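When the chains are written out, they are named A, B, C and D in that same order, and each has its own residue count from 1.
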Amino acid sequence: MKQNVARAVPLLALGLLLLSFPAQAHGLNAAWHALVSQNPEMKAAAMEQTPETELLSIFPVVDEPEAAPALPSPQELASVSAAGIPLFPVVEIADNPGDAGKAVLIRWMLFETSPVKLRGKESVPDTGTFNGWALTKGEDGYKAQREDRTQWSVKILRAQLGVDGLPGPFVEIEEVLVGGAVHKEEIRFNKDTKNVFWPDRNLRYNTPGERMARNRFWQEHVDADVGDGASYAYRLAVTDGERIAYCYRSMPIQTGLNRYEYKRSYKFGPASPAVNLIPADPSAMSDFKSRLMASFAPPTEITARDNPSDSGGAILIEWLPSADDLDVEIRSAEQKRTHPNPVTSYRIFRAETRNGSAGDYILIGSKSAGLDKNEREAQRFETIKKKNYIDDGAGRMRRDPETGEKYVPQYSYLVTASDGVLLSLGQPSTPAGARTQWFDFDKLYFFIVAFIISAAIIWFIQHIKAGKKLFIRKIAGLEAVDEAIGRATEMGRPILFIPGIMDMNDVQTVSAVIILGRIAKTIAEYDTKLMVPTSKSLVMTTGRETVKEAYLAAGRPDAYNDDIVTYLTDEQFGYVAGVNGIMVREKPATCLFLGAFFAESLILAETGNSIGAIQIAGTAMPSQLPFFIAACDYTLIGEELFAASAYLSNDPHQLGSLKGQDVGKLIAIIAILSGAVLATVAQLSSSVTMQKIFAFFENMFSAI
Amino acid sequence: MADTPETTKKTGWYQKVRDIDRRIIFLFIALAVIIPLLLQPSFPEFPAQLVKDTFAEMDKLPEGSKILMAFDYDPASEPELQPMATVWTRHAFENKLKIYIVALWPLGQNMAEDTLNELLKEYPDRKYGVDYVNLGFKSGGQGVINVILTDFAKMYPTDVYNKPLSQIPIMKDVKSIKDMDLIINISAGFPGLKEWVQFGADPAGVRIIGGSTAVQAPLLYPYIPNQLHGLLGGLKAAAEYEELADRKLCGMKCGQDAECIDSCIKEYAKRDKGKVRMGAQAIAHMVIMAFIIIGNITFFIDRRRERKG
Amino acid sequence: MSKQAKLIVFFVIVGILFAVLLVRASQNKMIKPWPTKTTVEYKQMETDEAGVVMSETIETKQVFSWKGFWTWFAAFLTLCIISFLYDDNPFYKFAEHLFVGVSAAYWMVMGFWTTLVPNLFGKLTPGLVAKTGLIEGLEGVPWTWHYIFPLLLGIVLLMRLSSKYGWVSRWSLAFIVGTTAGLNFVQYLVSDFMMQISQSLKPLIVTAANVDPIISTSPVICSLSNILLFLGVFCGLIYFFFSVEHKGFFGAASRVGIWILMVSFGASFGFTVMGRIALLVGRMEFLFADWLNIIVQ
Amino acid sequence: MLRRTLPLLITFAVGFVLVISKFIPKVETLGEDFSIYFDIIAVFAFILGGGNLVKIHGNKIYRRSEGWGYSLVCIIGFFATLTIGLFKFGNPLGWTGNVVAEGSAFKGIYDFIFKPLGATMFALLAFYVASASYRAFRAKNAEATVLLIAAFVILLGRTFIGKMVSFWVPIDQAGPDIPSFAEWIMNVPNLAGQRAIMIGIALGIVSTSLKLILGIERSYLGADTE
């Protein structure tokens, strides 16, 4: 019993080490560099930026596949080691590049636990065997060799994600044989440092419990048996037939549209670092940080918070750039001297944290060092200290499958500075969850302005309702309407009303219809013929309602029939052709063009002219106004058209709204005036404060 | 304002001129347009600053940049806008930009196809789905823009050939308008450039240039330069843009050789619809101005006579 | 000259011209009005197995092309419309009615294929639409339940056809007006009010450092322009004030305002003239190049 | 209630929700869906419009009233286009092809009937512009004169003529010539005018929308009683 415990202890320790071990990042990078250093093609590819890919946890756990990803307990670790599978795959999953979707690329590289533990005072014996490895001392260092006759194979399991974003049961889709019959493995240590410098000195094997690549190449499997657009989670398992060790499940991967740029060199492209930065406990964290050999400073003060004023699903991560950030403004001359190769990019890792414990840290994105365009823009007034990254992949409110209680997933973030090869880690952020805001504060000033104007309009309407007097100036065009109707009656010729050619989703048309209602009433009283050809069926529908009501109100329901308001065609010039025809044949005495007009305005007005009709026009289409002004007797310019609907509307209280609009104009005038003054001062006196004030003022109106 | 037949009494030559039959004016205009068309005189073009800016906006894009081209016009305004569409598409093909075509006008889709068919003759190696894609027309005006501002696939499940977007290589790394490097809109009214500026480029923070009919142009100046980064207003601007484009191409072809450039530009000028049409345009302008002058002369004489008694 | 005589003369002239054109056509000097045997190309977009490259396979067929005939027909219609310039006449009426009919149907068809199918059926019964092959990639897509509403509102709108329940259609009307009001309220306030204000915040005195090249390179002119711009907007807005009598200062300001407005109208007019002429040119090009083939392109 | 109050409630609810949705990220996508809704409803409205068209001209034909022959043309054109379009006759890509695909009968209608008619109608404008500018654009008063001058400068400046006649600037150099003056007019006074109009219009639309949403303006809904 005692002995068992004694035996368990180192294994347990080993497990913990594996667990808390950070430098797998280097491990894999290095492993990959190992490849590159031998393969020029890859070397070239290595120069290109690493495509971001989702990573499986590389830590093997023995449990049934469906278990949700959580940190293995020490007991589990023990059992793992007991399971004694020395292999673990480092896997990356990506949409199979350059295809039409419907395929997922799964790549893994097998690693195994190191033969040597240089923990504490422990050292490698000069010769003999060690953990089943035959050690020999060479002139250039130690050699470790061993043979492995086991038939290792990797199982690939897949589960489709339900709508709730949680995976269904994992099913095995492929088993790949990986371990050859006899497998020779050879590593070398440096005499003095006991560091491994072969297969690759990039491997900074100067920390204990190291792992290195078993068969140093990527094995691939393309899973072409997936539906387009559907999301899947994968997990791999290593087995020798009897024992099996599972990895955690991958992040969901969706086929189809690639999420990152497709590089031709992808297949040979560099693997992103196999990152499994699981700080089981803070102490372990500081522990492995201290062991980091990256030659540059890490980012600091990493904070994560909900991205403000959005509809959820996004978290804002901020951090102070590494002191070795390539940006000259951040990097001091001293640092330039000490650290010649600067930090070129930051990689952002995310771990979902459930009840306190963080899951796997998974690479979700990267941000290039230095200041980007926006940051430079923002530096006009203040020097940017923090860099930020918005993770819009954060989960929204979801339901726990077991307990059924709702929760917003919390994430803890870790930002690492990278020079392209190595990572140096910052402290992970405190967990944050993405929430949906109830108010968008970017639009605050807009909201205020909108509120003031609306309030003014309503208030003045009430003001008039309360029987108070308001001066509202006359609008010539409107005075003329009744006269025009009268003229038509005298001449015994019809009246033509054109509500423009836009649909009911244009306010001009709506006010035109409103005006039509009022005019129709007068016309019904005069008992004159009214013609309203429309270009949109909805306008026809509405027009009929309105005119019918007007005739009822005028006590002439008998005079109304549906042929007053007719539909010609949606096509602009088909409509014009039709109206032209009506004009020349029916020879209306009065033409009213009120609403949204385009090119047809001139044709209509001209034809109206040629038949000598009185014409009153009104539109908010500035490009058409000159022609109406030229060819019509009266023209309502822009806002006057909307004013008209108030003037003519059935309840006079609406005149109050005009006063409300004037308040709006007043706001505009004041704003423009003060803005102009501010701008002038800011420009003449090149004081930053003034510029800040002006920028703020400008922002009030432009940040919408 | 407008004097109608009833209100005018016929005495004296100037009144005859004043009340001249519209058809005679029509005849003059017809001739002013037809004759230059037949003789095809070529007039010089002097690109305005705004056109130069527009050209630069497009020309500075690196190879492989994504541009969204919105064809929001129909045959009715084809004469004015087609030259822009053509010269822009050519410019894009020339600079190896990726073109994404949408249309808010039903017929815009056809205009786009016509344009492409024409230019694929010049650039036969451009592949559909790789160098350009035609998403076609969707009704809904700014509604469409609102939607594709966040997600193309939501509004455009497929392209015009009913291919799901996910199967089109060029769409692979494109989700919404925000992924574009430049928006080009060629519009003849509503929905058009104004809507693209308000609901597309502004919220998406993408630079936008546009071509509009001369009629629309004045309405769009208020958006320059903060919201709208380039504008071709009418045929004139199109012709000037053609001039710039030709100069660039010829520059690359001939280097410094002056008369080579001249001949080259003359060569290209033949295919430039805009330049050809500007000839007739200029003459017609003069005729119209002449009419305005005559009209006012008669008007003043008339008024003096009336004052006398 | 009597009306009949005029008509006779007219038709004789037209006949002669027509004959001349036919002769030209028969001499291959212009496009032929009768069908001709030609090879047409059918373009088909395809993808290979990987679906990476979309290749165009072009199959050619020998068919009788009616293009000539239709081109002549188009030319005829063009002339019909132009004839309205002289006076209203049967030809114009023919073209007009044809246009009205065709375009009304055109929009219905477009609305059906480009809105109803993808945005209504595609949302409500994706499976079905996928089966018909109209839109690929909808297999297994769940239906969007809330698109039931537009369907209902649409049907409700059709109730208008019934005289008894016509009033029900007001519901969809109300919905539309509500949508219009809601969307326009914000959008116009944003882009035409706020944005225009923020764009008007220009310094009244421009230093040489920040001149706007589009206006001028001289700071003096820029300053004057900005001042004029400010005054222009100011007076223009004053003109639109409804609750103030246009007397005294306001009278003067609004008078300046209307002038400024007139300048912009003049500008619009100038541009419009350009545009219209261009369109005429386009039409004439069709007649003289595509049809009569007099201009070499 | 159902006839009058419910519609007002709908308008209010929809309008209000759309307005505040601009400030509430939670529901910001509402606008999109609602605009799609509008399009769908508008398509249904087409059926009404088409029906109305058929009804009117059908009556004319039925009654043999004056000019019924034209109505016949209209009806034939309507139904021909409708059937060809809905059934995608002669579409090279078949049933699933794009409705306006090259070579389809519908594209034919577009090319040889729709396009010439539309474009020519538009071209008529050139003539009308001419006659309008002759008869209407006269220096009746200060305003009209201002308008005239502006128009004149633009007309000159927007063709090479402007450059030609501005003799005080060498032809091949930039300078204070008429084209640049025209540009200036576009950029300064025109801009000012347009801004004033735009701001005014925006306010007009805002207040109208507000009145519609709050049900202050309700005449578009038609009669209270049926």
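Here is the rule we go by: a residue touches a chain if its C-beta (ideal position, glycine included) is under 8 Å from a C-beta of that chain, and two chains touch if they have at least 3 such contacts.
None of the values given here were measured: they were computed from a predicted structure.
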Which chains are joined by the largest number of contacting C-beta pairs? C-D
Between chain A and chain D, what distance separates the C-alpha centroids? Give it in angstrom. 35
State, to the nearest whole Å, the distance from the C-alpha centre of chain C to the C-alpha centre of chain D. 7
Go ahead and note the Å separation of the Cα centroids belonging to chain B and chain C. 13
Which chain B residues touch at least two other chains? 1-2, 22, 26, 29, 33, 49-50, 76-79, 106, 136, 139-142, 161-162, 164, 166-167, 169, 214-215, 217-219, 222, 234, 236, 281, 284-285, 288
Mind pulling the residue numbers of chain C that touch at least two other chains? 47, 51-52, 81, 84-85, 93, 95-96, 99-104, 106-107, 110-111, 114-115, 133-134, 137, 157, 160, 170, 173, 176-177, 179-181, 183-186, 189-190, 193, 195-197, 199-200, 214, 230, 233, 237, 240, 261, 264-269, 271-274, 276-277, 279-280, 282-284
Chain D: which residues touch two or more other chains? 19, 22, 29, 31, 35-36, 38-39, 41-43, 45-50, 53, 93, 96, 102, 110, 114-115, 117-119, 121-122, 124-129, 131, 133, 135-137, 147-148, 151-152, 155, 158, 183, 186-187, 190-191, 193-195, 197-201, 203, 205-206, 208-210, 212, 220-222
Among line, ring, star, complete and other, the chain contact graph is complete
Residues of chain C defined as touching chain D within the complex: 40, 42-44, 70-71, 73-75, 77-78, 81-82, 84-85, 93-116, 119-120, 132-134, 146-147, 149-151, 153-155, 157-158, 160-161, 166-168, 170-186, 188-189, 192-193, 196-197, 199-200, 214-216, 225, 228-233, 235-237, 239-240, 257-274, 276-277, 279-280, 282-284, 286
For chain A, which residues count as touching chain D in their complex? 309-312, 436-440, 443, 447, 450, 453-454, 457-458, 461, 503, 505, 507, 510-511, 513-514, 517-518, 536-538, 540-542, 544-546, 548-549, 552, 563, 566-574, 576-577, 599, 602-603, 605-606, 609, 620, 622, 626-627, 629-631, 637-639, 641-643, 645-646, 649-651, 653-654, 657-658, 660-661, 664-665, 668
Tell me, which parts of chain C touch chain A in their complex? 47, 50-52, 81, 84, 88, 92-93, 95-96, 99-104, 106-107, 137, 140, 157, 160, 169-170, 173, 176-177, 179-181, 183-186, 189-190, 193-198, 200-207, 210, 226, 230, 233-234, 237-238, 240-246, 261, 264-266, 268-269, 271-272, 276
Given the complex, residues on chain B that touch chain D span 1-3, 20, 22, 25-26, 28-30, 33, 43-46, 48-50, 74-79, 106-107, 109-110, 113, 117, 136, 139-144, 146-147, 150, 154, 160-162, 214, 217-219, 221-222, 234, 236, 278, 281-282, 284-289, 291-292, 294-296, 299-300
Which part of chain B faces chain C closely enough to touch in the complex? 23, 26, 29, 33-34, 37-38, 40, 49-50, 53, 76-80, 82, 106, 127-130, 136-140, 142, 157-158, 161-164, 166-169, 197-199, 202, 213-215, 217-219, 222-227, 233-236, 277, 280-281, 284-285, 288
